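Sharing a structure here in structure tokens format.
First chain written, first letter: the chains are A, B, C and D, and each begins at residue 1.
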């Protein structure tokens, strides 16, 4: 599903965010991406979405070589991904329901089917009663749930979640992780970055740890911290 | 809050569980409902950004009004110029003692002469009365003139004031014409003036239209740039540039059209009122009648407004839609 | 990464460790350096939003150019109107057989008559030659006239074309004046026309200035609204409305001033060039010389640009600075 | 320092975010504000800053009755607070250093003293080498640290931190908490909302728990969860 071949990313400002990253994530896997602040986790997700492009190496997602993807194909490629952004990135002047529906509408699905599906996604994250509110009227955690609803609404084969529980209380965080797990069990590949050791240590999924832009650990049933 | 516990997702047969390459498939979908969606989106966009849309639209109204007003002024200048030119004339004095038949023959020859638009005979009695009137009719003067010293003449209007010399030379050759006069310096001035007026009219209209264009494009660019965050998020969730552009361009078109509507009302009422007042108080100043000029001017206003509304949105979006 | 481990904070004597009510104290501080700060902020703001600032400034240039151009056109219309009115004249025909001394007396009386600006004697020989010229000098005509039928006359220019009747009535009463004529219909037309032209000039200038005003205010409002997030954050960290307004208004002033500068150059060069060409090819069309009209027009452009730049920013900010 | 007298907050949309909240926080206290997503934590902080106004009751901060504070005094009042916003709220087109300096400049301090103090604050959070970058070029955790630097740069007597470690790895989160503790030990009152049970349980400070807009627990040396 996700192949990084010796990927390096040096931002124009000179910051080297990733160095020689080699990754192979198979379809259907559930992977935690961990590492200290600034270690390059979000950069990995941005590269997968082709928001940023690597300065070294090659990235192949689901058979698509991102380096060869023509710009006109990028939107279609992105629709195959469901992404929870670290900073949510909700449209500020559309309601919660419209935000979730938007991810469906861009795909050109039957307009009549859009709202029921958006409601379903909001129900899954428990935000359906706030469907008519603007994002600014939600608490941080509520916005995070809406961002998750948008990510899963079109049932993408690959879900990327960047710190999806950073603004949630432990109980809500646990439910969101259960939700991602169940999406994974239905066949989707899931890649989650997190700073929450408890969740990682309970779920015991594959853990890839970054440190200063390098993969320092990749364990099939790992813990948040390296077992000493 | 898990997938299992909740309702199953509604299936719409388009986006199923097992998904292959989405690219090709996504570009299908119902065209008709898609355009309804775009319309709804555009309307919603305008509602959400009501204050910004208002500022932009009123700016466009002003720009269009200035351009449209300029066009009206320019058209009237050109009209005035041709009226003035139409008054340029050649006077052909006829030989004394021509019989009425001969005079008619001379008139026919003159009318057929190249460059002549119209010709009328002015007999010497009428010529004298006119002269007296133009001198201010000092009653004493008719007493002073023992007899009418003026000859019969033919007054000739030409088709092209700039080529009056050729026309006069042609008339001069006709038998029965004693002498041909045309106020050379006056005609030259008039020709130069009307040429300048025509040029100025064109330049004014073009400059003001260009100004309106620039202002409208810039205004729409500013409103688009205020919504760059929205555009960025749209691209991130997989909206194609075309999908993003659609509602924005429709909003632009709608703003342009509403601005054109307001401008049409203002200019239409304003010009009709002005033309009416001028006709009443300055009857000698020949303003174009509203029905002759408004359709064209307002047509340009509408085209400018809508085209620039769409084009401005497209230009404003370009920066944010680069892959 | 704890306070203890790191360097101690630099103490500046203004914000110390033990803090009481901050309100009063914060409003002190060095005025001079504060204004340098504001200047730097404004410059930085323009740099950061370079593209938006460019779009806004070019829009302002266009608005100012339209308003300034309108002012130039209007001033020339008014000028043309007074030139035309200056040509309105009364002709006073003198009694036959006045001696040169008597004629000079009559001239003096006329000159002193109320409403008279200037008066010159035209003797009958000159009057005849003029008449012949204005009729197009048919050489045959001088032969036709056995003697000069015209009297001596005095040509009078009036101070106010609208009150020509009173002036004529006054002259009529002067001894030695046989008859007074002034082309009533022509003068009435001219008065009506020049009045209309003056009005039109004023209306054009006022409308275009108002249009420029509205466009500039809206444009700046749009640029401010694009930065509302910035403004919100500033208020959250305790910036006073005045503190926030400062750089924005300075940016507005700077945009207005740069736009005025560009407009001045364009209008100045454009008008000087136009006036030169008109003087060469249409010498009879009296355009105001650049040095007579440009200073005033460009002055208005600068004032409009800067004042509206500042005012537009203030208006644009109002919505976002409500407590 | 902070007195809530029967405070209620009902947002115009109809959501009741707080109900009959009574709080008394003394100068120099260090308080954790906990509770599930949407329980009203951020609303409490917004009320203290007078971003929102209570629909019931009275709030007195450091002797200032917020209900009677004239609008013109609000900016001066806010300068006495150092706030880490849940969504950071960094000025997007100013550098990190300018962002931190801005909080000082609004107070009208000597311009010459501003940059050294901003550098000091950035040093404290470990972000001084990114001083010249724009916020968009930082990772989520890095932005959070900058937001903290801005909150402490003018050494405010009251620090409000809304989920200040949500985007930080456990080590960085721990350092930030230490930093807030040391600021507290120097005399500042500190009010922190958090979803991180580990931090709360280790530090054993006063814990106020909200639930659906009501204070359900207020313990001097509390834990994240109620001791059963």
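Rule of thumb we're sticking to: a contact is a pair of C-beta atoms (placed from the backbone, for glycine too) under 8 Å apart; a residue touches a chain by one contact, two chains touch by 3 or more.
A quick note: this is a predicted structure, and the numbers were derived from the prediction, not measured.
Relative to the C-alpha centre of subunit A, the farthest chain centre belongs to C. Here the spacing of subunit C and subunit D, counted between their Cα centres, is 57 Å. Centre-to-centre separation of subunit B and subunit D, using mean CA positions: 62 Å.
Across the assembly, subunit D contributes no residue in contact with two or more other chains. Viewed as a contact network, the protein chains form a single closed ring in which every chain touches exactly two others.
Pairwise chain contacts in this structure: A-B, A-D, B-C, C-D.
Residues of subunit D touching subunit C in their complex: 49, 51, 71-81, 83, 85, 89-94, 102-113, 116-117, 120-121, 123-126, 150, 154-157, 175-176, 178-179, 182-183, 186-187.
Within the complex formed with subunit B, the residues of subunit C that make contact are 51-52, 55-56, 58-59, 62-63, 65-66, 69, 91, 93, 131, 135-141, 144-146, 149-151, 178-179, 181-183, 189, 192-193, 196, 207-208, 211, 214-215, 218-219, 221-223, 225-226, 278, 281-282, 284-285, 319. By the touch criterion stated above, subunit B contacts subunit A in their complex at residues 1-4, 6-10, 12-15, 17-19, 21-23, 26-30, 33-34, 36-37, 44, 48-49, 229-230, 232-241, 243, 323.
Here subunit A touches subunit D in the complex through residues 11, 13, 15, 34-38, 41-42, 86-87, 133, 137-142, 145, 162-163, 166-173, 195, 197-198, 224, going by the rule given at the top.
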